[in-house]
Each structure stands twice: as structure tokens, then as C-alpha cells.
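Look for subunit A in each of the two complexes below; its partner is subunit B in the first and subunit C in the second.
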Partner chain A sequence: MFWQQLVNGVTMGGIYALVTLGLTMVYGVLRILHISHAGVFALGAYIGVVALRLSPNLVVVTLLAMLVCGLVGVLMQRWLYRPLLGSSRIVPLIASIGMFTLMEDLFRLAAGPYVLPLPVRVPFGLDEVTTSVVTGNQLVVLSSAVILLVLAWFVINHTRLGLAWKATEQDFETAAAFGVNVDRAVAMNFLLGSAIAGAAGVLVGFYYNSVYPTMGSVPAYKAMAIAVLGGLGNVWGTVIAALLIGIIEAFLVISPVGLFLPRDSIAFVALILVLLLRPYGLFGRR
Partner chain B sequence: MGHDVEIDLDRGHRAVLLEMRRVSKQFHGVRALQDVTLSVRQGQVFGIVGPNGAGKTTLFNIVCGVYPPTGGSVFFQSRDITRLGSARTARMGIARTFQIVRSFPRMTVLDNVLVGCGHRVYGTLSGLVGTYNRQSVRDKAMDLLKLVGLDHAAGTLAGKLPIGLQRRMEVARALALDPRLLLLDEPCAGLTFGESEDLVGLVQRVRDGGVTVMIVEHNMGVVMSLCDEIAVLDFGVKIAQGPPLQISSNPRVIEAYLGKEA
Partner chain C sequence: MLTVESLAVRYGDMEVIHGASFDVGQGDSVAIIGANGAGKTTLLRTLMGLHRNFDGRITFLGKDIGHMSPWERATLGMAMVPEGRRVFPDLSVEQNLLIGAYSQRDRSTVRASIEEVYGLFPILRERRHQVGKTLSGGEQQMLAIGRALMARPRLLLVDEVSTGLMPIFVDKAFQVLRDLIERGVSVLLVEQNARKALATAARGYVLETGRIVLSGTADELAANADVRKAYLGA
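And then the complex of A and B:
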């Protein structure tokens, strides 16, 4: 029971980490709260549903969702955030919330208010492997999450692009003075963050076998809470915070407290505590 | 401009590297630069002096493409760079340091220099996949840190260094671009006498390595010993240009300085 719940928690934590990563990456470079990131997450799931017609293979479906979501992320940066760059920070935030609402309504208009299944086929029969502790589906989600997080880690810490992001975050004018194409670096930041959110959408759709217009609502606010917990802009703090929330949720639902405290509220209780006690996040300094 | 004499120095016959033609810049009515024309030849150390607010930093910012001038144009290696923007001019080989130090404070000293090392790929596909931890690149960055005497501080966060050392780090970071033209904006400000002398030596080595240098500096000893040619700005207007000795005896220059600083 303990180990099962731990695996449940880590699985959800992995998904939260994937969704939150893009949010925190964008905040890290642009200082914008990119709420409509959760819309990109839901879009990923819908792209997954459409991609099923091409191929039922999970890898193909995920890659397609990542591609489309990555491009949509870049378009948002170009058309939504870039024109608002000079204005006060509340303006892009409101635009982002509006964009998110628009996306949810578009999903409803395009696909109807139904819950759609996402019956992908998993390569190597990974989903058939079932032990007493971890189900095949969890293995699929966990291994995908690990692959994507390692990819993000590599790009952030070991490529020039990652270095350019760090430089842009600290002083974009100086970064430009040393040859960094700041605009392109920011676009790449949206591309990677949004692609990973799209993959998370497919994984959640697959895990619960359901895709619906408002599936981004709870992640939108939960990811925000997790990003603050991890210290906005702090990628590794975010991953750890995501795992913590996932695990706490998993154990809470089987404890007596779970009877009156709904699962989705944990992140916010933690958020309130952290804002009161450690306003720069769990791992923040200053 | 009667005192604006072009002198044929021993380097004078070399090719023109940078040319500014009637460059003007206004900020909401403030005329920071007015019709400034000058050319810098390959291999020169070219000094820009003038009282506070004369437009020296503005001139550098226009050369680097931080903002475009309101009039006139800038040519680098005979190419019009007036509106290229700073990332492109950096990749063409124009590097700079800042009057007020601008390190990336939450990055290590080594990473600061590595940012400069990446200029050739930042706009390209290999910028995405290329790793910056490759040994050859790190070696180059470490060599530059050794050159400015900062190799021992490679792993320190830049923001933790005292200002004097951050200035030296800025020089290393600028050299990481393999620049053809290096712009130094008051590199000796806040340095001790000994540190200034080190810096003069460093600039001479850089110049001997084939880099053309433009330097803004208030320390006249430094300017006189380093520069092959000097341009004097006053209220955004170039009032004189020539070799150091000629400039120091120029009555208009003396007037501009005495009028401001004495």
C-alpha cells in the first residue's frame, strides 16, 4: 500500500513537473506568468486525439503533439507577449488568462463538451508490465517524464541555448551585446516549454484515458502554485516541488484528512504556507 | 572646424575599420551627439575624451547598435551597420565593456566569458544543440581569464567579485568574441593606480594582437600613453581630433575642459 501510493504520487509528480517546467522556464526568462500554458497542455491532449488517426503509436502521437504545441507556444510569444513586452506585468498576465479561456472555448467548439478517450498503443508492451507496486501505465508515464526532464535538463545546463537563456534572464541587453539573438532565444524557450507541456497533455490523456475541454483548468492553477513553491524560475526547485505535491496528494487521499480536504487543494494549502513562511519558494534565497 | 586635423600617423595608411558619418542622436530634445564624423583605422587605439555628458557613451552605444542614431550612418569594414542591432554587430566583431559594470551577476565568472565564446552560433541551429562545455571552448575561456589575471576566480559568482575584478572580467568576456574592434568605456574608473597601469599593459597586448581599440577615459595619463589618436567631444559636438600631443595643446580642448572641470 505504501509503495503503491508512493508510485502514484511520483507519477502525478512527474506529470506536474512536466506541466510546470514550461511555466517556470518562461517566467525565468520573461518574468511573465504564462497562464495559457495550461491551454497548451490541453491542446497537446487534443492533438493526441487527432493524431490517433495517423498512428496509434504513443511515441508518434506524443512527438506530433510536442511539435504542434511547441509551434503554438512560439506563436503566443510572437503575437501575444512580444507586443506587450513594454507594458506593466499585469497586462500580459490578463492577456494570458484571456487566451486560456479562449482556448478552452475553442476546444469545446471544435470537439464538443465531451470526454474523449485517448487509446494509444504503447511500444514494447510497456503498459502490459504489471507488478503489485507499479502498473504498466504508470511505467509509461514515469519513463516518458524522465526522458523529457532529462532532455530539458540537458538543454538548460549543457547547451549554448541554455546559457543564452541564463544570460537573457539576467540582462537581456548585455546578452545581446555578446551576440545572443534574444528574440530567438525567448522563442526557443517557449518552443521547448510548450512542447513538453504538449507531451504532458498526451500522457495525462492516456493515463486517465480522457480528454476534455477544461482539463487544463486545475493544472493551470496547480502549476502556478507548484512554480511558486519551487521558486519561480528555478527549474530544479520546480521539479522537486512537483514531486512533493504529487506524493503528498497520494498519501492524503488515503488518510483521514483526505475525507474533508480535497486532493486538488493541497497545492494551494502548501502555497499559502510557503507564501507566509518562505516567500521566495521552498528553495529560494534572499 | 579648424582644429580638426587629420594626421598621417605611422598607422595612418591602414584601412579604415569604423567610419561614422554625420552621426546625430537626440533623446527627447537632448542633443547627445551632433553631426559627428570620424574614422578609426585598423590597429589604432582611438581615444574619445570630453567632459561629463559630452556624448561619449552614446557614441559607443550607437557603434554597438544598442539604439540607432537619429541621423547619419555607421560603417564597419565598409558595411553599413547603422541599424543592425547589438547582437548582429557583436557577431560581426564589435565587443565592448560598460561604463557601469554589467556582468551577469548570478553566473560564474567562467560562464560569463563562455557567453561571449558562443557568439558564432547563437543565431544558428548549432547554437541549439552545441554544448558549451566542450573542452576547447572552456580552455579558450580559461586562457582569457588568465590573460586578465582572473583564472583563480573562474568558479566564483560574478556578482560577488569586487568592481575592479568585474571590470577585468568584462574585458575577458569582450575578448571572447574574438573582436576586431573593442570598445572600452572608462575602464580605469574606480581602479587604483597600479590596476590602471595593468590595464594599460593589457590594452597594449590586445592591440598588438591585432584588435583595434576605442577607449573612453577620463584619466589623461592613460589616454596620453595609450592612444594613437584622440577625438574630443563637447556637448555632443566633435571639437578636435588628432594625436595626443596636439590635442593636449589645443586651445578649444583646454577651454572645454577648464570650463567644465576646473
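And then the complex of A and C:
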């Protein structure tokens, strides 16, 4: 029971990490709370549903969703956020919430208010490798999450692009004066963050075999809470905070506390505590 | 190399530089001296493309660069030592230097530049894994200079290289600039420390409340009665 719940928690935590990663990356370079990131997450799941007609293979479906979501992320940066950059920070936030609502309604218009299945086929029969502790589907989600997080880690820490992001984050003027194309760096940031959110959408759709218009609603606000817990802009803090929340949720639902405290409230309880006690995040510096 | 014609720079509705014209030739070294608030930093930021509210013409290597982004100008061969150093606070010394070489694609050149900078400022080698904000003011200034050298610039813009430095580092900083000038790099420095600036550069301009009021060779300026009174304390 303990190990099963731990695996459940780590699996959800991995998904939270994937969704929150883009959010915290965007906050890092632009200082914008990118709520519609959760719309990109849901879009990923819908692209998955469409992509199923081309190929049932999970890898193909995920890559397609990543591609489309990455491009949509770049378009959002270009057409939604860039025109608003000069305005006060509340303006892009409201625009982002509006965009998220619009996306949910577009999903409803395009695909109906139904729950759609996402029965992808998994390579190597990984989903068949079920043991008493971990199900095959969990293995699929976990291994995908690890691959994507390692990819993000590599780009952030071992490429010119990653260095350009950090420089832009700390002082975009000086970065620009030394030849960093700040515009493109920010666009690439959205590209990677949104692509990973799209992959998370496919993984969640596959894990629960359900895709529906409002599937981004809870992640939208939960990811925000996790991003703050991890210290906004702090990528590794975010991953750890995501795993913590996933694990705490998993154990809470089987404990007596779970009878009166709903699972989705944990992140917010933690958020409130952190804002009261450590407003710079669990791992942040003052 | 760099020609500036009737440059007027504004902040909002307020004009702070009123029709400045000057030039920096190939291998030339030019000092713009002036008191605090004369508009020196604004001038350099406009040349680098960081301040865009201006009229007039800026030509670099025969190209009109007025519409270009800072990174395009950097790629053409401009680099700057900005006011207040602007070291990246959470990047290591080495990463700061790597950003300096961001427009250099060739890895072995970058490696050689890093070695060169470490040779010039050995303390930076010792501190290469430390993040920028943990350095002392003097070390940060060395890093800011080193970072600009990493770009292997054709034109180096230098904003107040001497502020906040201990006297021995002031001499060191100007020595580094003189070496660069000798190697044929064009340098434009803006300075409050007129004595050092005129001892380093070949030519100079005097900027007073947004207007260029005097120009000449460094020796001429250093001998000028008004300059001596206002800037050299003689």
C-alpha cells in the first residue's frame, strides 16, 4: 500500500512538474504569470486525440502534440504578451486568464463538451509491465516525464540557449548588448515550455484515458501554486515542489484527513503556508 | 568606423542630448568627457541600441545602424563596458565571460579569449566558479572589462571604467584600454576622470548638458584653459 501510493504520488508529481516547468520558465524570463499555459496543456491532449487518426503510437502522438503546442506557445508570446510588455503586470495576467477561458470554450466548440478517450498504443509494451507496486501506465508516464525533464535540464544547463535564458532573465539589456537575440531567446523559452506542457496533456489524457474541455482548469491553478512553492523562476525548486505535492496528495487521500480535505486543495494549503512563512518559495533565497 | 550626425536623444518629451555630432575612426581612441548628468551614459546606450528614442544618424562600418537591435550591433562588432558594470549576478565568472563571447561561434577562439582575460586579470581565474554578485566592486569591474574583451570588438564603448575602483585598479583598467588601442581596437570612452581619459585617448570631446562644446586632440583639450579649470582642477 505504501509503495503503491508513493508510486501514484510520484507519477502525479512528474506530471505536475512537466506542466509547471513551462510556467516557471516563462516567469523567469518575462515575469508574467502565464495562466493560459494550462490551456496549452489541454490543447496537447486534444492534439493527441486528433493525432490518433494518423498514428496510434504514443511517441508519434506526443511529438505531434509537442510540435503544435510549442508553436502555439510562440504565437501567444508574439501576439498576446509582446504587445503588452510595456504595461503593468496585471494586464498580461488578465489577458492570460482571458486567453485560457477562450481556449476552453474553443475546445468545447470544436470537440463538444464530452469526455473523449485517448487510447494510444505504447511502444515496447511498456504498459503491460504491471507489477503489484507500479502499473504499466504509470511506468509509461514516469519514464516519459523523466525523459522530458532530462531534456529540459540539458537545454537549460548545457546549451548556449540555456545560458542566453539565464542572462536574459538576469539583465536582458546587457544580454542583448552582447549579441543575445533576446526576442528569439524568449520565443524559444515559450517553445520548449509549451511543448513540454503539450506532452503532459497527452500523458494525462492517456493515463486517465479522458480528454475534456476543462481538463486544464485544476492544473492551471495547481501549477501556479506549485510554481510559487518551488520559488517562481526556479526550475529545480519547481520539480521538487511538484513531486512533494504529488506525493502528499497520494498519501492524503488514503488518510483520515482525506475525508474532509479534498485532494486538489493540498497545493493551495501548502501555497498559503508558504506565502505566510517563506514567501520566496521553499528553496528560494530572500 | 563610427559616425554620429546630429544626434538628439529624448527621454519621453525631454531632450537630453541636443544634436551631437562626432566620429571615431578605425583604430581611433576617443574620450568624451563631461560632468555627471551631462548625458554621457545616455549617449553610449543610444549607440549600443539600448535607448531608442532619438533622431539623427548613426553609421557604423558604413551601415546605418539606427534601426538595428543591440544584438545586431553586437554581431557587427560593438561591445560595451556598461555603467555600473552590469555583471550577471547569478552567473559564474566564466559564464559571464561566455556571454561576452556570445556572438563568437568558434570554440577555440572563445577558449583563447578566456585564457587571455585570465592572463590579464588572474583574480578572475581564481574566482571563475563564483557567481558575479559575490565579487568585490573592483573584481566586478575587471569582469565587465573582460566580458567586453571576450567579444573581440572592433569598437569598444566604455562607460566610466574608473568608478568604484581602488586607485591601483584604475591605473590597471586604463592600462588595459591603452593596450587595446595599441592593438588597433577602436575605443570610445566616456569619463568623468578627464585626466586619465585624456591621457589614454588620442582625441576628445567635451559634453556639457547634452551639447558637445569642444573637441580636439587629447593634448589640445588637456591644454585648454576651460577644460583645465572645469575638469582637471587646475
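By our rule, the second predicted complex is superposed on the first by the 286 of 286 C-alpha atoms of A that agree within 3 Å, B and C clash if a C-alpha of one lies under 4 Å from a C-alpha of the other, contacts with A are read in each partner's own complex, and residues count from 1 in each chain.
What we mean here is this: contacts are C-beta pairs under 8 Å (C-beta built on N, C-alpha and C of every residue); 3 or more make two chains touch, one makes a residue touch a chain.
In this text the structure is predicted, and so the values were computed from the model without any measurement.
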TODO: Give one word, clash or fit, describing how subunit B and subunit C relate on subunit A after superposing.
DONE: clash
TODO: Please indicate which partner A:80 is in contact with in the superposed arrangement: first for subunit B, second for subunit C, both, or neither.
DONE: neither
Task: Partner chain(s) touched by A:166 [first = subunit B, second = subunit C, both, neither] - done: both
Task: Partner chain(s) touched by A:158 [first = subunit B, second = subunit C, both, neither] - done: first
- [ ] Could you tell me if A:133 is touching subunit B, subunit C, both of them or neither one (first, second, both, neither)?
- [x] neither
- [ ] Answer with first, second, both or neither: which of subunit B and subunit C does A:188 touch in the superposed model?
- [x] first
TODO: Tell me which partner A:180 touches in the superposition: subunit B (first), subunit C (second), both or neither.
DONE: both
- [ ] Using the touch criterion from the header, give the chain among subunit B and subunit C with more contacted residues in subunit A.
- [x] B
Task: Interface residues of subunit A shared between complexes with subunit B and subunit C - done: 160, 163-164, 166-167, 170-171, 173-182
Task: In the complex, subunit B residues that touch subunit A - done: 64, 66, 85-87, 90-91, 95-96, 98, 102, 104-107, 111, 114-116, 118-123, 127-133, 173, 176-177
Task: Complex contact set, residues of subunit A against subunit B - done: 155, 158-161, 163-164, 166-167, 170-171, 173-182, 184-185, 188
- [ ] Using the touch rule from the top, collect the residues of subunit A that touch subunit C in their complex.
- [x] 160, 163-164, 166-167, 170-171, 173-183
Task: Touching residues on subunit C, where the partner in the complex is subunit A - done: 48-50, 69-71, 74-75, 79-80, 82, 86, 88-91, 95, 98-100, 102-103, 147, 151
